[in-house]
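Here is the structure we will look at, set down as structure tokens.
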């Protein structure tokens, strides 16, 4: 399944201050989460941010949180972001393709993904923007999510599927800001 | 498919005294089998134990066996625990999700798993709690069981799917006893 | 699914002068693209060549381009070769098996492949003849295309499936020119 | 899918004198082919042997060929053993599970396997008993055959699924001759 920009929503799961430093390769993952958010904003893709028990594990770092309105943030105590709150209501009608970034790949990310797949969403995991404390958990989670129907994607796949074609103004902007300069 | 505690049964297959020492990384596997049993008990998940020809390859080590009533133990001569005895009768109605630990991953574990999948059970293999004498057999068995529809899970996946949410008394107990302290 | 010569079309995607030098192992990939084209010509398999914005990233190198008529070349600005132009019209009726070579595996190749799979074509990726600048993108693209139903093939698989049998004149020619001497 | 002895046929493909020495790890593969044949004979599983153009690439080595009647040998010029001759007629009614050994994994083995899968046979590839000249071709062939529905098995899987249970006379014979002493 190809990603179409008109069908897409980006969900950023639980990138939070007291969890992030424990994540394997956290700097790389934070960088790629920000890359995905900025790319989505540039292309016009809606984004939803989730926070898991923020009074316990901290809120999303300001560098990310400042990009969002409070109404775009779903707070939760269930590990799956689908189990409580208004995540599904916040997804615009027809946008059945969900791109996923965040942590931890094998807990909150995976439970959310498995629930979305059960509800017939098409789910795409941005490989370089999901993390776990223990690398083997990430490897196993990517494998299990794919086994359940999710697709594992790279940054280039996302950018070029959202762009669809070259020779547009948007293409030039994205090429310069999000592809060449990295 | 996400694991739900209300649908789950843990089956521990053939962890037996004369077989265990020959298993690759047997200490790690024994530790994780015990971890899974104690976690299941804490959360309230039913557990079934199988023993293959115990007069030949020994019974389950006392450190595990003492946690069970005799009626929870299925003795067998078929490699698949489904082929004889009362395994299926011992699974409570509605608990169609089977979590698997034990040995050997490519013989008794795999034959049991393939039979359960044929009967439309949903099967989850706890990666770090299944073993073989020869590592290549474990790798091939995980691959084949997944190819047939089973899901490969890690300890964290199991604990957090059984817990479903944070901020409960049970969550605190499990976090301290089964996740942080290991 | 076995490849049948009577059902096959070879599509060579965006092997272009300003892109090729940036591709990982570009010499090997160029060699294998030429091998596939010459083999297809010898066996009588139709071939379509695509070029992406040739005024920007150059045309196909003459060593390849000289083997084609202008009418066999599809020029495009969409990354997927299916989205514009006459690619589908150029595929002969009944030739629903598409063999793919070219670059980049995770952008134009993959978008074309995903579109072809949606249209119920059977797609076969010639592993050693597709490339990307970054090796991880190729690995992820092969995995994702296979997950969507494409098959990953080697040179020998292609040659021997197109030949079907030994002891023919064609077999001897192909064996000597395309298999033994490489 | 579990292998059942009453449903099984073993097919040994193109283990031939002028091809075998070129196969990667040919001694190991020859040893495992013989192991599979002798195990099948002991358990009572029918076996079919194929030879591809024996006047060109030699017959099967006598150490194997002497175990067969001429009527159990299918000679062919097509790479797929299904395309000509009496292979399918030689498979007994109801024995829809085919265990595969032989060479080369990505040519005659794979074409035969893909044809059998199309005909709704269940196919099991004995990993250690199939070979190719180039290791990457074996890896890709196993992957592609599994992707098409075949299962990859090890020696132990085959022996213990054919045996089904312990504590029989057959179990003791097989354990001593085919498992312990290797």
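Order of writing sets the chain letters: A, B, C and D. Residues in each chain are counted from 1.
As a convention for this text, contacts are C-beta pairs under 8 Å (C-beta built on N, C-alpha and C of every residue); 3 or more make two chains touch, one makes a residue touch a chain.
Heads up on the chains, UniProt names are A, B, C, D = Isochorismatase family protein.
On a predicted model such as this, the values are computed, not experimentally measured, just so you know.
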item	value
Number of steps on the shortest touching-chain route linking chain B and chain C	2
Shared interface numbering between chain C and chain A [over half = same, under half = different]	different
Most distant chain from chain C, judged by the mean position of its C-alpha atoms	B
Rigid-body rotation angle, chain B and chain A, from Cα fit (steps of 5°)	90
Chain centre separation in whole Å, for chain D relative to chain C (CA means)	33
Chain A and chain D, separation of their C-alpha mean positions in angstrom	46
Pairs of chains in contact (touch as defined earlier), listed by label	A-B, A-C, B-D, C-D
Footprint of chain A on chain B - complex, ascending	1-2, 127, 146, 151-154, 156-157, 160-161, 163-167
Contacting residues of chain C [partner chain A, same complex]	52-53, 56, 77-80, 83, 104, 106-107, 110-111, 114-115, 118, 134, 136-137, 140-141, 143-144, 147-148
